[in-house]
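Just dropping this structure here.
Note that the chains are named A, B, C, D, E and F in the order they appear, and that numbering of residues resets to 1 at the start of each chain.
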Amino acid sequence: MNELAKELAGRYGARGWHDIRKDLASVEVDAIRIRDVMAYLRDEAGYGHLSFMTAIDNIERGAFTLSYALRDHDARRGLIVHADVDRAEPTVDSIHLLWGQAWTYQREMREWFGIDFPGSPRVDEEFVLEGWEGPPMMRRDFDSLAYSDATYAERPGRVTHDPASHMREKLYPEAAQ
Amino acid sequence: MEPTIIGRIGYAFVSLFVITNYGLLLIGSMARISAKVQGRVGQPVWQPYIDIVKSSAKRNSIGHGAMFYLGPVFRLAGGVGTYMFIPAVFGSVLFRNFSDSGDLLLVMYFIFFGQLGMALGAGEGGHPYSAIGVSRGLAQMTAFEVPFALSVIAVAAQYGTLDINAIVAAQQGGFAHWTLATNPLAVIAAIVAFLGMSGHNPFSVVIAPQEIPIGPPTEYQSNLLGMLQTNRAIFNGAKLVLYMNLYFGGATNIVAMVIKTFLIYFVNVFVGQAFPRLRTDQSIRFFLGAPTLVGIASVIIAVI
Amino acid sequence: MRREKQRVIPPAERATPDLDSGKYLVMWQGPQHPGITGNMSLRLVAEGDTVVDCETHVGYLHRGFEKLMERRLYMQNFPLVCRIAVPEPDFNEYCYAAALEELAGIVIPEKAVWLRTLSLEMMRLASFLMWIGGQAGAFGHGTIAQWSVTMRDYVLDLFEELTGGRIYHMYIIPGGVRGDVPAGFYKRVLETMAVVEKNLDDIELVMFHNAVFKMRAEGLGYIPRDWVDHYGITGPNARAAGVARDLRKDSGYLAYPRLDFQPIVGTESDAYERARLRLGEMYQAIDLIRQIVDMAPKDGPFRERLPNPLYWRIPAGETYVSAECTRGEYGFYVVSDGSDKPRRVAVRGPSYTHAVSVMERLVRGVNIADVAGLMVSLHTYPPEIER
Amino acid sequence: MDATTFAAALDLALGREKAAVAFYRELSAMASFAAQKSTLAEFMAMEEGHVAMISGMKAKGSVALSPTVAVDLGLAARMDAEERPTAGMTFQDILVAAIKKEERSGVLYERLAEAASQPGLKSVFERLVAEESRHKRYFEDLYESEISKDN
Amino acid sequence: MSEKKTIPAPLANEGLPPEERGLFCDAAPREYEPARGAWERFLNWARSESLWLLGFGTGCGAIELRPLMTSRFDMYRYGIQPRPTPRQSSVFVIGGYASVKTLKRIVRSYEQMMGPKFVLALGSCTINGGMYWDSYNTIKRIDQYIPVDVYIAGCMPRPEALLAGFQELKRIIKSGGGEGQNEYARNFDWYKANQKKVIKDWNMPDYNW
Amino acid sequence: MDIKDFIAPFAVWKRAFEKPFTVKKPIDERPGAPRYRGFHMNDADACVGCGTCEAICMNNAIDLVPAAGREAKDGDSGLRPRIDYGRCCWCALCVDICPSGSLSMSNEYVWIDRDPDVFRYVPGVEAKPWDGSALGYRRAEGYRLLDEDRVPMPELGHAEAVASFLELVRGYSRAQAEKEADRCVSCGLCIASCPAHMDIPGYIKAVRDGDMDEGLRLLYETNPFPEACGRVCTHRCEEACSIGSGGDPVAIRWLKRYIADQVELSDYAKALPRGAAPSGKKVAIVGAGPGGLSAAYYLSMQGHAVTVFEAEEAAGGMLRYGIPEYRLPYPALDKDIGYIESLGVSISRGVSIGKDIELSKLRTDFDAVYLSTGLPVAYGLEVPGEDHPRVLDGVAVLARATRGEELGLGGRVAVIGGGNVAMDAARTALRHGATVDILYRRREEDMPADADEVREAKAEGARLVEKAIPLEVRDAPDAAGEAALFIWNEATMVQKEPGKRPVPEPIPGAVREGRYDSIIAAIGQGPDLSFIAESDGVPVKRFRPVVDSFGMATRAAGGAPVFAGGDLVNDRKDAISAIADGHRAAIGIDRLLYGKGA
């Protein structure tokens, strides 16, 4: 473990430092401390550039995992910070004051996953969707195909055959009995 | 032989018909020349005709109140009016129009009249871009009118008359008698103003497709658009003929008229292809700068 | 001098104009508006000719790529990713392929490395050629676009020959590239480069030594240097502000460490500077393409064998692979849960910040006429915002 | 060709076919289990069919036999066995017997055809040769597919 | 064109604020009887030789319009040119997939165009959903929402394919087949019902031209 | 800004004097690039209708539809892909993955139509203008999304092999098996060709997933002899394999073996379903070969009490007595049989029907009888001298080898025949130190034996004498009956009838002879039907019991219904067909016993 990992662990209880490749690592923190961690990383650890933020729906363990990807351009290395939030009541501190584009990501996550970032500008406005009535669509329990089939008309006349069952029908229909 | 009033009206219609077609072909050929600069073939020369037929052949149209309809009518009236009081070919009975009934001031008024009418109509369309286009158009117009008016004043002062026929007459007898030769500053001021008047780059602020698509006529369609397109041809023709008369010695036959007006119009294209578009404020600042000074100088020269 | 005067640094906080006062004109620019790049819209609040507030509205091109990718096999996503950005699909292909290769532990053959680099640089050139037409067009200069888009087409002809596709190449496949170089291809590349270079010289003369263009572009959209980190600005937009960041140098992916080039850096950080810088990058791309043609291995395999794509499982893990596209940092964040479909793919497009946060702020105080020019000078592309 | 000679020729053929029926019947009597019996019964039925056909021709006075000789697979030539009717006959034994029998009939007709002086009669015998060759081919095919599959 | 089933639905501009109501028509579109004989053929010729297309890049397809309208393919020489406002345009090029949000604008722009108007649909996505067949945000068949005159297969179709599409469109118009406007008017209720099925926040006037 | 900025822009006019960029007639002048991905083409004859294109297509653009004039047959589903250009994105993954390589793309790209419903067609079946286009996208040479090379099976070297009866084939390791399983595209063409219609894609998936219990469960659904079939199956599935249409077929047999090998017999019970509750019905099965024991397995799974009567001292039938140990080691066979026995199936060994017990007795004592006695009778050479003491029959030699008896073949052995029995006999003889000649009437490619067997027999040192028509066996001079002369006639293959296979025709005068210590005749086998009396009511035609689709021969009054199957009934002479028959009969018997009709 390197210096930064120790520092993060000591200050913010960060854990699970993992070197993905030689210039990229990931680390996990508690969601409640995310703003502090990000401020520290930006101001003191040199990770001045926020590449992107996103969330992963880990539906199996009932959590959204937030991923904040930072980059230290001078040291030419990246860091992905993970934080789990409860899937049932996802609320995270906004970091829009730290980075000027963070609010857009937060707005996106609000719309796509239903994660709330209180205080983030325009966070409750629609982002890419318009008049969306379904659940947040990036959640894994939302079935895109089913929604599409139910909503958008398809051109009729498509029918396909499974080779195996077609051959059974044609060549040995008795086995179907 | 002096024709009867009925005959003169008939001649005026013929003249109008000719200038309309000429204007359309001019637009068509300039489009082709522009295309050549851009490395392509370009539309057929007669494309403007098809466009007008097409626009007029639209089956439905929408309106936004009476003023909306009147806009193009005013504009057309402006164009026709401008043309009607300018002699297209000096000395020709057919292309004399009603030039002896009007003078430079009347023509100047008609040039404005069309613009204003259009502004009123377009404003009625309710489209914000129309409104912006109109305000830009009027702003730019007031700006380029300054050098233009100065130049006209210089010409009027130089020849001591407001009668266009007289101005043309005074320029007969070779290049040395043209205003271009006698008062080049006035011509420069006028030509620069002309760039603004005809809305070519870098002064195409009115329609500016990338900024306010496409300005005042945004809401115009169908036969109203056809009317505007026709007017564009007439108005172009009228302005060119006016310029020719004021600065380039007029024309004593139709061939000279075609050559001269073509070249005057070509100046627009020549500059327009080279430059992008200025912002309205830059355009205004520009017209009120050097061209105005040149205009003033030309007046001074003319007066002296 | 004059440039300095025009520079407008808009306030950090959004103005909240009183719309009922009658002082302001609210208008929408886009999605159906020729001055907007791509299909997005701006809600502008103008006072007179000056924009006082701007809201960006995106999503007109939202197709739900990230959701769709979660329900497709890894290999099935390969034709999908390039559609995220139609002007330069290859960067998507590269980032996606590289992310999978990293997660699956695949090393691609040397020839594939070079062909990928070639494809990316050709794409960069083509994309910039399209952009420069847009930039000139936004200020009303239609001729440049007529020339440059044709030049782009010549580059696309090369792509068509190499990859079999004109717009969507689907060439950089996980494991390598999809086809070898056809006979005589490099010769045609060099011929095309000569033609493009000659026409770029013309464009430079007409567009960059142009009084009106300078009047419009100089001082427009000034981005102070300290915004670069704050807004996550990357690519030419950052380099024009004097920040010498170029992932091709910094991360050293593909064959870039073996190519001879230096990031071009500007100082003025306005629309003119950015345009100028991109022009420089076009020349640089031509130079890089020539180097690649010279140095690329002529024999050898071009693709590593992968497992059956119908069942290809990638070990659980995550990675973020980024590349320097024409607009800046383009990246794919891929999370695998060990199954045959990705758990999560997130796309980081540079326009995400350029076209939204930066655009919203820069446009305040700008003349309505300049909005289009400003937007193009940021080189934004909406689909990578909304995916 | 006079009718008598024609009838005589057919009678000869009829006689041979009836003898074949009798042959199968005799074998069948010796058969020890159902499978032999059913197979022999089938072959016997075939021969009875031939009997009926030739009798029909005789009655109608016409010859409706195909002149095409079936291809000889050449199995019979190499089979050494005479019919050895035993209780434990296998399918192979029965088929060999059948093939041999058909071949002998064919050879006989062939000789008769050679010896015949009247062209009409000659043609009748040649057609009978063809008929027998097809019977033999049938059995040879059976032998190839059922018995000598691996060789 | 086939007769579509009409789904009766109350259509009105009632949802609009009173001050905006004046900006829109208050009646359903009506069908227009074409002129007769040689005159109509002449008009159709003019319509086909002067195709002004709406400059609305609805999807990927817009990218191939660029080469088409610039010097290499130069569509101007075929009488085709882009037009920035729907009022003056006669051809709408649907550039591939249409997200619901864009569809709303497509419908609006289409309705604002003056007839006769034509629609050219580009690529797989407009025919049967294309590669976004399972997306929650893109429609699959554009012909459910507006009438389409010509389809061009491809993803992306080359500019040549687009040109061929325009040629086909010209042929159709000349033969008097470009009656999409009347088709739309005739099946107005059906189209509106389809549109409202997918456009969930319907805040547009129903009668919108 | 200086003066240049006002002058330089006029340089645009330079272009006005140059040639325009415009292409005059774009559609004609600019065809798609040679590699352009245009509309699809399909070589419908090479296509096998496997649907892999459909599986890889992310756009759901491909449907498999019945093609006019193409029937389903082994290795060809009769379906052909139909492409929907309302979906296609021209990525050409279908071309890259196509196992048979039949799909390709032309460089045509213009397709315009008013009617949106026309944009789908079956390439290669519905004619299109671009059919047969020489240009267009083809997958790059040597570049395929699927691996065409089979994972090689580790085997004993030939020298090592001949020296012992050790099993030749060692079986896949886990990595090898998973790699091989990964080549499968789950098209399912193989299922129809497998007589037992095993769920081959299913168990291959289990290998991929590493779920051996699931794999075993799937195997036992249709085949209770996975160990045996995994080694010696005639694997007709592999001939139908779609991967085989453009490369090596998937090693389906080895994967089956891999699954069975991975699970210990003691764990079988855990992996496999439990049988139904006892039904109180009794079923007799005659013959403990694969067919009989399969029937026994499925019947006992249904809860019936099963007794198997076997004439030999050990169960397994031809699997044990006909197949040498080096191909199917006895422990593997014992594992299969052991599991069946462990379910409560009782096997009465050494009980010969017709001798020790009559069929009619079984019919009275049991509720149903299944006959699966196979083909125990070897057919003779039918040449003069075939009763020479040195003429042995192949099946008997193999059976004696199984029993461990001294074979006494001598140093030079001739094997007559080209079937699997001939190969097994030859290779057994090789392992007993003999030099072996295999004499076959036709050519090597006509041999009914598996190509692998022939190849290995040759590799192990057997000499193959083709086109040898047996003429006579004679006592060898000075051999006193210890050696024989085998005399044959060299043949030439003559195409006598069009469309039929050529016939060996003796070359006059080309008579050859060879002196051998033993001559093993392996030309064919037949059934022994002597135990069926007429009174049993079992219909027999041409030495085969006549059965219905469930294998039922009779349900005549006077006893329990009689079913029959396996080699006794069918013509296919392989274990898997017997197993399939056994399974089918078990279903038939079960229905009958439960009164579900049949």
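Annotations for the structure displayed:
Keep in mind that, in the parts below, contacts are C-beta pairs under 8 Å (C-beta built on N, C-alpha and C of every residue); 3 or more make two chains touch, one makes a residue touch a chain.
Not measured: the values here are computed from a predicted model.
Counting only chains that touch, the fewest steps needed to get from chain B to chain C is 1. Path length between chain A and chain B in the touching-chain graph (shortest route): 2. Looking at chain D and chain F, no chain is in contact with each of them. Ranking all chains by how far their C-alpha centres lie from the centre of chain C, first place goes to D.
Just to note, of C-E and C-F, the chains joined by more C-beta pairs in contact are C-F. With each centre defined as the average position of its C-alpha atoms, the distance from chain B to chain E rounds to 36 Å.
Centroid to centroid, with C-alpha atoms defining each point, chain A and chain C lie 23 Å apart.
For the pair chain E and chain F, the distance between mean C-alpha positions equals 58 Å. Averaging C-alpha coordinates per chain places the centre of chain B 89 Å away from that of chain F.
Looking at chain E, one finds that residues 55, 70-72, 74, 77, 84, 101, 127-129, 131, 133-138, 141, 155, 158 touch two or more other chains. In chain D, no residue touches two or more other chains. In chain A, the residues that reach two or more other chains under the touch definition are 128-130, 137, 142, 144-145, 155.
Pairwise, the chains that make contact are A-C, A-E, A-F, B-C, B-E, B-F, C-E, C-F, D-F, E-F. Considering their complex, residues 49-51, 54, 62-66, 71-73, 77-79, 84, 86, 116-117, 120, 187-189, 191-192, 197, 201, 549 of chain F touch chain A. On the chain A side of its complex with chain F, the touching residues are 155, 157-168, 170-172, 174-175.
Contact residues of chain D toward chain F in the complex are 32-39, 42, 71, 73-74, 78-81, 88, 90-92, 96, 142, 145-151. Chain A meets chain E in the complex at residues 128-134, 137, 142, 144-145, 147-148, 151-155. The residues of chain C lying in touch with chain E in their complex are 31-34, 38-39, 59-64, 67-68, 71, 79-80, 83, 86-87, 130, 133, 145-147, 149-150, 152-153, 166-168.
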